[in-house]
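Input: structures, listed below.
Two complexes are shown next, each including chain A; its partner changes from chain B in the first to chain C in the second.
Presenting the complex of A and B:
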């Protein structure tokens, strides 16, 4: 296997648990997801040489269900953005059936869309964050990438559900959401509807709009009723994510001091100098800019942060309102303008994710589907966003869009 | 202080809750263990870990707030107090800054003139303790070692309104607060052990004014006495500055108990407080709060009132017997054995407590069980032994573990109350001391005391003093 794709390959994977739902499935996780005894460096010098002491809950659960964990894929620094990320390549090259990624801005869905595979971000609180090295605790989520909807559903089933070690998981029993694909017969919805997010189209060029219109016709043909939905404040998602995300990231990175693990600068004269130099040498330019920005709001412009928090509550409310008359929202995953060159500024990172980050802001589940939006800039991915907890509804709706025989490509 | 100024003092008290575990993990919350023994990936904040808020910490904190007459807030939440220092392994401290657990408390204290003064409590919030730094030398190099045993220990911080005016009031308030919190069972409140830490904010203003002037924070007092001394010093220091026309600047000073002065410390960095996204908001409902109220024991004020009502103690005796929860429980256990409550209160405060103090012993572990002590008092009341003998028996009780009846029998302390025996004794003493008898008859009543002493001595301390005096008085007439 390729070390360009894997940052760590398990030399002797343990024999998989017998008879589990994932029996025989091969999986990889990003190096930001803890596997006991494996280097968990999350793409950052700040965690250089850090060996996880415990399995992340998702790792423990997917192994218990019989999956074989092949290794770690590379990740952008602390999962922020997609620079250097190899999760989707591992899938595309047929090295694994499913990969798990941390999703802060929509990294999982955008990587899946570009690679032409399925990518699913569960509702916030549905899958445990224990063992995930993330940046933005209120938005981070473990996303699942796979080549088939069945694999996605099976992996979700295996890893979801309450975990005492993640305090942000709600108390709502999972059974309340058990509907749709893979659940008991007769529970399926007879008719489904989706709201087309009008504002999301502004990010598409003419070619992009054309394929999107065509995709919508296919969706209608599959029996999903469409309706236009005006989301007036769509642009605010990005700003709110940027302010709150950077503030939380600034705090989250406080623990990376280079003392107990990670890179520690040599020859510092006192502890302040040691902190400054270790952190200065550890973080990459883009992440550093993001952390500075967060520190700015924390120390110098707290009212702006408070405003972002109240806007976030309003956006979550609006998100629920938009879903009043429809089962889900429908929009592209990537915009045509998203460039292939690596992002060099925080804004360039955000330029890649304007259509995915709303689901991180509100905690709603979102699913990207391959094959609907082929453009010269690659597959843009057709994205479905459901109500919080409506994870299975999305998988069921997606199932209707693919005749069983031509599911993955 | 000049008489035209008054001090405005606010106190901030950190109290460590006596929960078995830390606030966000299951590590033992225990002092005195080997460094870094009580740690785990959560309290070391290793990557991938999330805080798990302890329900027990919430319960103990709530009891503490109720004991200080606070309103428990329906919703409270943790914030991140951001600062970088080696005692804080994640760069922020989890503390309830924006939404504290409780507000609007108060305690009534007794002022120097005997009047009652109400000190208001602005808020009480929960927070985690930080690690302990140990500065040492390795050869000629200074090293700073970090002990994470204390990191994450559950604390509440109590912030008063600036209602305190004098060092005396500050000390009274702290004694009262300590008593309330110990009573509630939420904390040991030992300033010596560091489970209670007090900072004082002191400023001066013209008497009668309601302005708030620049305050100076003083820290590092490790007894209530030191808090009083440090505040007194600081008031004088500021008054002298004002007299000399020097401005007071906002800063922090450390109390130096050896030299009895405060000295300025390096400016402290105050970081921002942002809501913590990982610890869920704390929402308490009425039923749970009612349960907590019921879990709160009878507090000293109420208990003292009941002691007066139920047992007929004087106000002073009642307040003495209810000052500490263990003492009050001991008192009631003694009274349950049908001893006279007032006699019990007098003997506990007058004899037992001084004896324990002298022997460096504490009530709960004392060999003098309530049953033993009650047995002793009952013998005293039945005049089987006299007070002198009872004091002697008490000393032996504390040492031996025998019952009071056994000790009295072994040592022959049983009181002589047989009239014939006492009459003979008195006759002998009067015959041996004719001049004293003569003096008494001339009106020197002091001579009676002397003769009683002689007689008691002659009985080996065992004579029933009441009967002895009766007989003596009769024979002298």
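Presenting the complex of A and C:
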């Protein structure tokens, strides 16, 4: 196996549990997802040399269902952005059937779209985040990338469900996810409809719009009725995500003290200098700028954070309103222009994810589908966003779009 | 119709049948029927169908026509002919005829289009194109193509007609159009100025005018008596969806006049402009004092197309036992309501309680809303049981209630909050219940504005400091007295939108100085900012007054467009950016050098830079993240971005309760039983990841040196 793709490869994977639903399936996780005894550095010097002491809940459940964990893949610094990320390559190169990624801005979906595979971000609260190295707790999610919808559904079914160790899952469990196995995933509901967010198309160039319109025709042919939906505040998602995300990142990175684990600067004369230097050396340029933005809102302009949360409430309400009358929203996963250069500023990181981050802000499930939006800049990915808890609906709808024999391999 | 030997496409008529004509324009649409090719040719005047067919078109011309694509610029000769019965096109003016082409020249080719331009279907019943689904950013980037569309051509032509009508009318009334400078003096009042650096006076700046206010008053002092100007004004304000950094005003001012002159003049002016769009405005415009507007509609620009006027209910509940009202009234509060007549079917208990009382009204800032449905001559509600018989009776009578009505009340200790929330509720209900009649225009004068508004430590002008007060015998240091003063200002409002406003001005130096004094300006400040103007008042300034109308808004309303960008040829986008020219843009260092801007920070530190550096230090310290010198520029720029985000959040935030997580965070309790150490701690595993350990402890640097 390829160590350019894997950060750690399990030399002797434990024998898989017999007869599980995932029996014989090969999986990888990002190095931000804890596997007991494995290096789990999450692409960050702040976790230099860290060996996980416990399995993440998703890992425990994958193994219980019979999946074989091959290793963990390289990840962007603490999962923020895609610089250095290799999760989708493991899949593309056929090394595994499914890979799990953390999704803060839409990393899972954008990586999947670029690689031409399926990527699914479940509803917030459906999959336990225990054991994930998070950055933005109210938006992070464990997303699932795979080459077939069946694999996505099977893995989701295996890892989802209540976990006492994750207090962000809420006390009212979401309706359990069950996909009728064997039957065609598209057979459950007779009529489906989707809303096209007009404002989400502003990021497309003329060519992108053309393929998007062609994709919409295919969607309509598959029996999904389309309607245009206006979202005047679409530009606010990114702004709200940046304000709230930076504050939560600044707060959740407080735990990296260079004492219990991670990098510790040598020769510091006193306690404060040790913190300043260790933490100063632990964070890369882009993440550091993000953490300073968060500190600014936390310590110098807290009202702006509260207003952003108030806007988040408004956006969540609006999100429910748009879904009033349609089953899901439909939009591209990524815009072509942003990928030519590596992101060097927070703004450039956000430039990559304007179309995926709304689902992180609202906690809605979102699915990216390959093969619909081929452009000279690669596959843009066709994204479906459903109502919170409506994970199954999304997978069913996607099933209709792929005649069984032609499903992407 | 012919000019320079060229005929207008849109004006060819059946009377021209049989004539050989010459046309030029753009290919609007093509329809290929094998041997025969139909084309819509478009010029400014309209569209005509032309036909290429081997029957009457020479073979080489037919061949050339095969290369045609949308928006090619072409010229052609042909013969006008009646269309065969059944092939007429009702979508275009010239739909009964066509031009049989004999010669064609391609004047200029067009590349593949970023979006469709054609709006007219080529066959009866066909669907016309439109740009509703095209991203506005793209339309603005290729504005010259967007403007080719007949609807945009018509918008700008109508806008021209509207402004010409205004010019003609004012000319008729003896007004002179006089230009005032665009490079003027910066005055820090009002919105932010756009600044223009001066090359001849390094480190000095002109400002672009926010309005020609002082210049037009000086023209009155100069004895022109009646002035007007169609003038571009500039304001560097926060971004709003329907706002432009530069906009066009119809600015006017006249001497020896009073309010009645302005009302009469402006009503005629506005009516004539609306007539261009086929709208007849009712005259005279009703007048409403600012106080009545607030009292009955909760806004200074009421939409009077529908009723739903507020009813005062404070006195009804003076002795109430209903505890919520009682407490509010004890704190000097107010209760007002509206009667939504005959809507009890649409406003069910569920809608009123769960939507309006719990969600909608709180988002307007009120703590709650009281609702009552009128049934069988009585009141039905969740709280009416707490009202006395007398109170119930008084409510029915005061609101003129009949069966099927719904009475809504808002109570609060603050009058401003009651009327503002009720005003927003009024608009919400009108929209939801379809109470706003379409095609109706309701103009209105709002008058007698307060002269001043309260600030934290004093007062500020509600309009501007040159507006005349109703009374001159006020004490400039009595804050309460100042806040009671009314001004001679007036706004013209149509359908709840302010189209313009103005006032009778101060023409006495003493009074003007008294107003400045009330605003807390020192003699030095007055001299520095307004010295030139105050001096002019020393030389026989006539009584005068005027008004300015926002022409972009006027044109947009007359033409019923969705935004003022639809009536502006080259607007900026919502972010005050021009996607076409990509302005604003960076400029070369040489340019900055020439303007003396490079050294600006040396003599006088640029405000903010020092603070920014200090801010970085503070944030680095409180979040305990060290910084290398070469990392600072990136952090500075990220913090500048953060401030911009804060500004946007500030300008767009509503009153929604903050949402901190998608799901409510759950409490997790430890299971009952004795507390035990984590097995990971007991087994020593927790120490295994530590960079430094001493014995059974994490090793850290000492707290002090």
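Definition applied: the second predicted complex is superposed on the first by the 391 of 409 C-alpha atoms of A that agree within 3 Å, B and C clash if a C-alpha of one lies under 4 Å from a C-alpha of the other, contacts with A are read in each partner's own complex, and residues count from 1 in each chain.
Throughout what follows, contacts are C-beta pairs under 8 Å (C-beta built on N, C-alpha and C of every residue); 3 or more make two chains touch, one makes a residue touch a chain.
Computed from a predicted model, the values in this text were never measured in an experiment.
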Thinking of the overlay built on chain A, is A:129 touched by chain B (first), by chain C (second), by both, or by neither?
first
Figure out whether A:42 sits in contact with chain B (first) or chain C (second), or with both, or with neither.
first
Return first, second, both or neither, reflecting whether A:25 touches chain B, chain C, both chains, or no partner chain.
neither
Quick one: classify A:51 as touching chain B (first), chain C (second), both or neither.
second
Should A:147 be classified as contacting the first partner (chain B), the second (chain C), both, or neither?
neither
Report for A:247: first if it touches chain B alone, second if chain C alone, otherwise both or neither.
first
Name the chain, either chain B or chain C, that contacts more residues of chain A.
C
Quick one: classify A:167 as touching chain B (first), chain C (second), both or neither.
both
Using the touch definition from the top, say if A:74 reaches chain B (first), chain C (second), both or neither.
neither
Touching A:309 in the superposition: chain B (first), chain C (second), both, neither?
both
Between chain B and chain C, which residues of chain A are contacted by each of them?
50, 53-54, 137-138, 164-165, 167-168, 250, 254, 259-261, 271, 275, 299, 309
Which bits of chain B are touching chain A when the two form their complex?
41, 44-53, 80, 82, 84, 86, 89-92, 144, 271-272, 274-275, 277-280
Within their complex, state which residues of chain A touch chain C.
49-51, 53-54, 124-125, 137-138, 164-165, 167-171, 198-199, 201-202, 204, 206, 209, 228, 232-233, 236, 239-240, 242-243, 246, 250, 254, 258-264, 268-277, 279-281, 283, 285, 288-297, 299-301, 304, 306-314, 316-317, 345-347, 362-363, 388
Chain C residues touching chain A - in the complex, by the definition given at the top
112, 114-115, 133, 135-138, 241, 615-616, 618-628, 631, 634-635, 637-639, 641-643, 645-646, 648-650, 652-668, 680, 685-686, 688-692, 698-705
Footprint of chain B on chain A - complex, ascending
34, 40, 42, 47, 50, 52-54, 56, 129-133, 136-138, 164-168, 247-248, 250-251, 253-255, 257, 259-261, 271, 275, 298-299, 302, 305, 309
